[in-house]
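What follows is a group of structures, each given as structure tokens.
Both of the next two complexes hold chain A, though its partner changes from chain B to chain C.
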Partner chain A sequence: MDWPSFFQSLANGILIAGLYAAVTLGLTLVLGVMGIVNFAHGELVMLGAYNTFWLFALLGIDPLLSLAISGVLLFFIGIGIYRFTIRPILKDPPLNQLLLTLGISIFLQNLAMILWKTDSRSVVTSYSGISLHLGIVHIGLTRSMTFLMAVALTILLVLFLYKVRPGRAMRAVSENNTASWLIGINVQRTYLLAFGVASALAGVSGAMVSTIMYTFPMVGFKLSLKAFCILVLGGLGNIPGTLLGSLILGLTESFVGTYVPEGSGWAEGISFILLIIILMIKPTGLAGTRRE
Partner chain B sequence: MGGKRFHFGMGLLVCCVLLTPRLAITPAIAQETIKIGAVLPLSKAAFAEAGEEQRRGLLMALEEINQAGGVLGKKVELIIEDDTGEPSVGIAACEKLLTRDKVVALIGGYSSTITFAQMNAIQRLEPFVAWVGASSTNVEHNFGPKRWFFHYHPWDYDRQSTVRDFLLSISPRPKTMAIAYEDGIYGTTSRDYAVKYLKERGFEIVFDERFKSGSPDFTPMLTKIKMVNPDIFYWVAYAGDTTLIMKQAKEIDFNPKLFLSVAINFPQYKESLGATGDYVAGVDVWIPGMKLPAAVKWMERFKKAYPGRTPEYWAPLAYTNLMTVVEAIRRAGSTDKEKLIAAMEKTDYDSPLGKITFKKSEEGGLHQAIDELIITQWQKGVSYVVYPANKATGQLIYPTPNWKNR
Partner chain C sequence: MKQPFSWKRAILLIALVLIMLFYPKLVDSYFLHLTVITFLAMIMASSWDILARTGQVSVGQAGLFGIGAYTAALLYQKVHLHPILGMMAGAGLALIVAIGLGYLTLRLRGIYFSITTIAFAEALSVIWLMTPRLTGGAMGISTPPLFGGNREYAYYLILSILAMVIFVVWLIESSRLNFAFTAIRENEEVANVMGINPTRYKVLAFMISAFFTGFAGGFYSHYNTYIIPYEVFGLAISIACLVMPIFGGLYTIAGPIVGAILIKAIEEYLRVTISYGHQIAYGLILVVVVLFMPEGLIGLWKRRIVPLFYGKARG
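Right after this comes the complex of A and B.
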């Protein structure tokens, strides 16, 4: 066994899982609270990435700082999208909601292509490219920061959902929206907030994408494919499941890429093969429970 | 509620219509023009960078041509269609240009897959085609022998034979190579020729695998390649992949003696990678720093037309495309297809890419414009031509310094 490569693969898998988790969290929140699969989530990530890129390119604002700006900006964009497009069709059949979010996704992709062209752009800071040497393992500084940021986001989201009143309202609504309404929770406002927070999470993860990957109109779409896989893998709309799903996907991709011949060619294939296997063993996903 | 939804729907529809690319560049009176049709990929993400670059080159040429009075006493009208990266749309665009717009020449092109589908569909019409795109020999074998088909971009093997000759010219001669390639037709065909040519000359291929373009993480692949420790790491990919591969190669401290790729002179390379992009070599058709007199003059005009933008080779290529076609129309004195083909065969044009004449190609093409490529290397943020010697603007730095010593 070539141990340095083994531990390097382990580190690679864990680090990329951080990014996957950050991208999937918002999707999980919207699905958990509102029961909507938001196909436009990847495009919100892309907008967060472009925001970070432009703030850096035009004003020299460091991505660590613009992370927050992306979050706030996307929060309001999310609220706008919810208010003007999703709310009017909340009571429609789920298929309409799917088509609507898919439409928004294609619209935002095309808008990005027209506004910013399809050049792949990247944020290069003084610290990007710095590699940390932990014994036999080399890990990129920005990727490690992204990982820590993803952990922090998850903790913040959990605290919000369990300790703060609007967060608790979200959990109540996700359990049963009619009962929540009867005990005086403003369900509409809770939905609005949940969509806003999910978009803010997309914005922050977009900022991470622009530093560790590159910014490109399709970048969110590619990531959201993986996010959907994690979502189902983890058991639709629950946070521990999202984390577990991200970790499993990240590690599988990493080890298959390193140790299986032609492994890198399987990138997207692996996610879905894994998904099929897990759904065959546990149809509700890893941490999912059956919903009535 | 219903009314609101209707308004929303209408609003969305209007936005979609407004955002759909409508691209005909039409002078006031259509009858007095000579129509030329171009099909470019303008909205498929992975291709549109090159498509946009071609459009810039074409519009620059068009403006110059029409400012000088057009050709045969008429203005040139350029109709640009978007193939959207889909073969079916590409075919429809060609059919529309040929049968409805009745263009005298079909130009542009990018993807080999789409080109193949397009030429297959329109060959019954035997139109006059001066095609910039497609490097797959699949296209060359099938349409290269057609009298009406003129081709500009080098074929796959031209690129790979340049890579082989370049590697043979390095001292001390590298022995082992790792080859990674994107899994589309572009990557796989390049890989097949590269492996054939390199094995023939005694290079040992220690890694030979495909990857998915657009993947967010190349560290597993790079870790694997690091384990086999090749002299040369050669990969065939699109711009975004190359950016990520270099960033992550640095992160995991992967140090081959040379990073070698394809088309690394895209506009955002320097901004996207900074110092991480230094010492990377790549095979290319053209770079803005070429010392050819026509290239220097062309660059001045490009900078005036598109301030602040660094062109990729697709811009001068498309410029040359339109210029040579209009030149041929001028020399033919007519837009008659046979006369146009005869005039085009006698092309001798001093382009920003060098002298353009149409020669027979290695695998059966009748009219091939470019078969010579260059190898460039980034050094302290500047791209230099390091091979062949007669075009060199700098000296190759080999072996590449380790990440720690940079």
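Right after this comes the complex of A and C.
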């Protein structure tokens, strides 16, 4: 067996899994707390990526700095989206919430096409080409940075959900929103904050996307599909499941890319295959139980 | 629901049928083309609405459309099958695929179905791009013009398919299926207790929906003479399929038809005005309809406009 290429694929798979996890965490948070699958989440990632690209191209701001700017900007965009579109239909059937977020997604995709054309853009910094050598494995500096950032984001999110009052309120609301309301938690404000935090996560992961892949209007849609697959793999709306699902998708794509002829082309379709397999063998997801 | 026979209705219906039959003699060729495209959209919209009656949202009708389109085009290219038979084959294959996808996902909560359909259309696009020898790949496939380019024949073909779809929707509405579909949509657990097998009815609705969407795809490939994976499996088609009935008004015969006419009109206008991103209108319409007019234009008509003339709400 060709061990160097095996370990190289392993490393690539783990690194890209970090990005997938970062993209999916916000989706998981909104699903877990509010019970809504936000179809527009990928488009929020796309906005974060464009924000980073333009700050870099026009003002020369380093992506590491605009990471934070994207996060804050998307936090407020998220709050606006929640306040004016999602809050009025919280009590509607799930079908309406799905259609509403789908509508926002289509709107933002096409807005991006109108404003910024369909060109693929990339952020190329002075350190983009640097590659690190770890034994027999080569990994790009920006890829490793996005991976570390994803790990940091996950830890921060977990700390937030377990150690800080508003975060603990989110967990309470996700368990039972009526009981949370009875013990004095402001459910509406918790939803607002959860949507804002999820959008901020999308903004930060968008900044990461812009440094390691191309930014184009449909990039959010492509990432959404992967994130949906991860959601189902992990069992809809729990964080350990999301991490596990990201790892499985990242590794499968990477190994298919290496070992299957023309694999990098096929890799785009892997998420669908994984989705079908998991629905056939264990539709409740690999980690956790079904949420009703 | 069944309505009592009335002379007024019968005369209106006969007049409509006569107009539809002589329509090609009344308009110019370009307008006839627009009509054919709009009828195609009506078929896709009504098919989506049939499934929506069970509370399921398909975000991947393009997958079924593309299967129909490529089956028809490939069967013509490889074995010179007659286009209409090719369209039937495409519709049949889409139906078979719907059975498989349906049994896998429709027993779960609705969101699984929506996610799977959206991934399904995208996966087909990947498969097509990666197997160019069999499918023509990114270059697509071309076929000679349908009926030697005779638009009148194409019109009569699509008109008869549209009539079939409307007849099927009418059959569903006036049969016990309507109760089953509505019960499943309103409350699946209760429907189950009442002796309705939700999965079976949802799969049935998906099969009907897939059959006509597949046929529409087959017709499109021959009528347009040229198809590429990006287009026929594209998100744009899936979104159009759901925006039209939602805009017009769900769970009605007229809703998808009105929606298709208006969406096609808006699209024609915007296509000329802005080159990229004219589907921004789809997104806006979805958001506005869900927030402000959940029953679509038909609901708005019944609630707001009709009372202006009759003094009280009808329907």
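As a working rule, the second predicted complex is superposed on the first by the 288 of 292 C-alpha atoms of A that agree within 3 Å, B and C clash if a C-alpha of one lies under 4 Å from a C-alpha of the other, contacts with A are read in each partner's own complex, and residues count from 1 in each chain.
One rule holds in what follows: a contact is a pair of C-beta atoms (placed from the backbone, for glycine too) under 8 Å apart; a residue touches a chain by one contact, two chains touch by 3 or more.
Remember, it's a predicted structure, so these values are computed and weren't measured experimentally.
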| item | value |
| --- | --- |
| When chain B and chain C are modelled together on chain A, clash or fit | clash |
| Touched partner set for A:E262, first chain B, second chain C, both or neither | both |
| Chain B versus chain C as contact partner of A:L244, first or second or both or neither | neither |
| A:Q8 touches, of chain B and chain C: first, second, both or neither? | first |
| Touching partner for A:A200 - first (chain B), second (chain C), both, neither | neither |
| Contacts of A:I276 with chain B and chain C, given as first, second, both or neither | second |
| First (chain B), second (chain C), both or neither touched by A:V124 | first |
| Partner chain in contact with A:S105 - chain B first, chain C second, else both or neither | second |
| First, second, both or neither for A:I77, with chain B first and chain C second | neither |
| Chain B versus chain C as contact partner of A:C229, first or second or both or neither | second |
| Greater residue coverage of chain A in the superposed arrangement, chain B or chain C | B |
| Intersection of chain A interface sets (partners chain B, chain C) | 85, 88-89, 103, 107, 109-111, 113-114, 117-118, 217, 262, 265-266, 268 |
| Footprint of chain C on chain A - complex, ascending | 37, 85, 88-89, 92-96, 98-100, 102-114, 117-118, 217, 221, 225, 228-229, 231-232, 236, 262, 265-266, 268-269, 271-273, 275-276, 279-280, 283 |
| Partner chain B, residues of chain A touching it in the complex | 2, 5, 8-9, 12-13, 15-16, 19, 57, 84-85, 88-89, 103, 107, 109-111, 113-114, 117-122, 124, 128-129, 131, 133, 138-140, 143, 209, 212-214, 216-219, 222-223, 226, 253-259, 261-268 |
| Chain A-facing residues of chain C, complex | 55, 57, 59, 104-105, 108, 110-112, 114-116, 118-120, 122-123, 126-127, 129-130, 235, 239, 242, 246, 274, 276-280, 282-287, 290-291, 294 |
| Chain A contact footprint on chain B (complex, rising order) | 1, 4-5, 8, 12, 15-16, 19, 43, 45-46, 48-49, 52, 180, 183, 209-212, 214-221, 223-224, 226-227, 239-240, 243-244, 247-248, 250-253, 266-268, 271-276, 403 |
